[in-house]
Amino acid sequence: DLPLAVIAGPCQMESRDHAMETAGALVDICRSLNMPLVYKTSFDKANRTSLKGRRGMGLEASLEVFAEIKATYGCPVLTDVHENDQCAILAEVVDILQIPAFLCRQTDLLIAAARTGKVVNVKKGQFLAPWDMANVVAKLDDSGNHNVIVTERGASFGYNTLVVDMRSLPTMARQTGCPVIMDATHSVQQPGGQGTSSGGQREFAPVMARAAVSLGIAGVFIECHPDPDAAPSDGPNMVPMGQMADLLTTLAAFDRLAKSHPLSIG
Amino acid sequence: DLPLAVIAGPCQMESRDHAMETAGALVDICRSLNMPLVYKTSFDKANRTSLKGRRGMGLEASLEVFAEIKATYGCPVLTDVHENDQCAILAEVVDILQIPAFLCRQTDLLIAAARTGKVVNVKKGQFLAPWDMANVVAKLDDSGNHNVIVTERGASFGYNTLVVDMRSLPTMARQTGCPVIMDATHSVQQPGGQGTSSGGQREFAPVMARAAVSLGIAGVFIECHPDPDAAPSDGPNMVPMGQMADLLTTLAAFDRLAKSHPLSIG
Amino acid sequence: DLPLAVIAGPCQMESRDHAMETAGALVDICRSLNMPLVYKTSFDKANRTSLKGRRGMGLEASLEVFAEIKATYGCPVLTDVHENDQCAILAEVVDILQIPAFLCRQTDLLIAAARTGKVVNVKKGQFLAPWDMANVVAKLDDSGNHNVIVTERGASFGYNTLVVDMRSLPTMARQTGCPVIMDATHSVQQPGGQGTSSGGQREFAPVMARAAVSLGIAGVFIECHPDPDAAPSDGPNMVPMGQMADLLTTLAAFDRLAKSHPLSIG
Amino acid sequence: DLPLAVIAGPCQMESRDHAMETAGALVDICRSLNMPLVYKTSFDKANRTSLKGRRGMGLEASLEVFAEIKATYGCPVLTDVHENDQCAILAEVVDILQIPAFLCRQTDLLIAAARTGKVVNVKKGQFLAPWDMANVVAKLDDSGNHNVIVTERGASFGYNTLVVDMRSLPTMARQTGCPVIMDATHSVQQPGGQGTSSGGQREFAPVMARAAVSLGIAGVFIECHPDPDAAPSDGPNMVPMGQMADLLTTLAAFDRLAKSHPLSIG
């Protein structure tokens, strides 16, 4: 089994310098832990709670920075797509196209992402059962792209609350055959929980990550930021960059133990 | 208070003749009951469970039929939009643009729909609390469009199940100030409940409609079909056309009673 | 179809005078509306959130008051039982023994209640699917008691929240063959929602009642109090006595309409 | 930090020989792993789905067997109580009295259990938020018993389904100050999921156990049986005895790693 992959970075690309700095910090940590890193950041936050929420640098400006990150640090980059037309443009630079959870059933977006030939990471919708991700992956497969990753980010649980059912991780692995990622920071969001923005419980991100890694998953997705309380989005659930080295060190230890004790489900 | 509005029609536009026939039948029923009718049908089903699911006639062909329905029957028409570019094109003919539940937080789609100046009907996401629809409506308002309708269609409740919280209807009315519609047929869907397609419990659509209408809502949304079991999508939850006259007659009686006994909430 | 039955009264028996006064007020209202009344109150609140919560007058003292209510007003009375031994003692006076929702699967309590020969009202557990009430009723049936009523009072929906699925009312009717009651006040509880006591949304009790009555149910259960904010328990979700006449008048109108338009499910 | 405690045994005491045999097998496994064992079995299943379900040997007969197990193997025993009177009787032999989840808010049962002075293990109700267990523990504390354990066994998630929110484990630890146990087998029950009995997904019990143990909890609760498919209750979710040695060996490894990397929450 491969070592735990890390998909990490700030929620949105705030500036070229901010992106380079956070990428550099994460590259250093992951290299020292021998963990593969994918740098993640959004060029556009397409579903802010309010129109007044900052949305990111936009596609054009971001592509240049993504290219610079790849050239400078040699690590693959991931970003999320919202419209069909964006897929081909992003695919010129970006290594993994991510389908947001709300959009995981939009057929045309899945097809457009699949046709780029890039790796596609689909986040499981908050409204979807784990076994129903098999239908989502089938759409990508039937579009000729078999490089698919699936990500757990919590299921709707009453109002303004998500819950992670740990059974979803082995269930998705078995039913889709894809690598499974745990998104440890969005799964502790409190959607809409702060009136005009979403709340979050960043203190539980390590709980989610550790429990999931103990099951032998392929990777973790962790949004992080040098100063989450000052971040334009997802601040309440991002992990402070200063805690990432310790967190990933611990997760690496759990990953080694988990992969030397593979779970047999069913 | 205005009489109950009826938004009805088959899930997807299957053919010109099918659309004309179902529109005509609904026009007759609603005229005899003195209920305002909005004919609803989808030109494209953008999130079928499987790629093999039939998707509808497409935008171009549908626009002609929508125009013919309006010319022939004089009733307004509603359809759902999935991509920003579709809004302006549809707005040339369609009277109400509908934002699908999964897409209710996609800012750009909301803005594009708002800018057409047409009435916008937003379905509440299965993952959203009723009070959070105020944020969605604010995006439309802030884009200069105040002709907004909001629709309840169920909230995620465990796996493959939706539940309608009747409190959501007065809550949305109070918090958004918009007319509130009950979608009586999608709220009895069983998402993903049949493996590669969604199931449904059409026998409960009259239950949902009646309970909601008794609260004094602005309208009901009911998908119907001459032969639901033969329909290419949403068959399990559509109401047979042959039952619509009785169902609407009953709902009209409940509507009159409800509006002569307005609820005072809080 | 019989007219809507009303099960009403304060959450707990606070004193003899309080009970007589509230019973008298309800008897007057229901007589003028020609609705059968069952006076409900608890002699003991066995599951307060905190030990410090007041629990009621106790079994012995309450029995005398129940007898006085029956003698004075001629209306049947209902109370809830918590322990097997209480059933036979209460059955000497009380007409309907109620099994609390948390206890709806306690076999011995069901058997003890069944053996009294009295009507047994079982509240559906917050953790139970509507169709699973068939198993609960079968325990009573198999114990020789076929006078069973079932009551909806909400299902767990995330944390500190209940939701009422209106489908549960016709589902329980069909699957158990029993009269179905809607508990309009406990279903708007917010369990544990106030730290050391439960919150509630009494403003939504008329919403729940009206939606349910429109489906043609057998009765409503409504806790009410002359001054809910001063009540020792369930204050946040009890209806002020001063609003009961209007509320029941409205419900009677919906009941007549519902029963002249019976729902056909499946 | 103490090593992971194991609370294990068959769902119900089926016979003296069955109990001695399963206790002996578990004692051997736990001794070799240096894990403290508490033998668990029920003398009475008080809330079977159907009256026809077998309920166990009963209190009197069970007490003798519990005493023999303690004398023979030197391990403490745990059983669940359903009625106030049972507490003092059981306390003569049994080391830990367990409050079933459905009964976790029954004040008198909590008081009766507390007054025995024995350790009390309270299972969190399927309808309770983790933070609301603080109120439950306060009732025991206020009754003079501070030897309290709390157990996670899943929360209601739609119909016939439970979900475990891993955040509940550190939340209960912090809010109650009590040792926290993960019940890995009841949390994979499918309540009512088989019509007249409850289903289960025993293949996921190791998933639940491992994820929870990775968080550094005090113990695991695992029902096990030499032949689960032949067990009179909870067969679908019990772990075969033949898999317990491997399962506990793995959990011991995760426990050591977890306790050398304590989580800091908040």
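Per-chain numbering from 1; labels A, B, C and D assigned in written order.
What we mean here is this: contacts are C-beta pairs under 8 Å (C-beta built on N, C-alpha and C of every residue); 3 or more make two chains touch, one makes a residue touch a chain.
All values derive from a computational prediction rather than experimental measurement.
Think of each touching pair as a link: the shortest run of links from chain B to chain D has 1 of them.
Distances between chain centres, each the mean of the C-alpha atoms, put C farthest from chain A.
Superposing the C-alpha atoms of chain C onto chain D requires a rotation of 180 degrees, rounded to the nearest 5. For the interfaces A-D and A-C, the C-beta contact count is higher for A-D. For this pair, chain A with chain B, the centres built from the Cα atoms lie 33 Å apart. Note: centroid distance chain A to chain D, computed from Cα atoms, is 36 Å. Rounded to a whole number, the gap between the C-alpha centres of chain A and chain C is 48 angstrom. Along chain D, residues 155, 157, 159, 163 each make contact with two or more other chains. The touching residues of chain D, when paired with chain A in their complex, are 155, 157, 163-167, 169-170, 188, 201, 203-204, 206-208, 210-215, 250, 253-254, 257-258, 261, 263, 265-266. Of all residues in chain C, only 157-159, 161, 163 touch chain A in the complex they form. Residues of chain C touching chain D in their complex: 46-51, 55, 82-84, 102-103, 105-108, 125-129, 131-132, 135, 138-139, 142-143, 155-156, 159-160, 191-192, 196.
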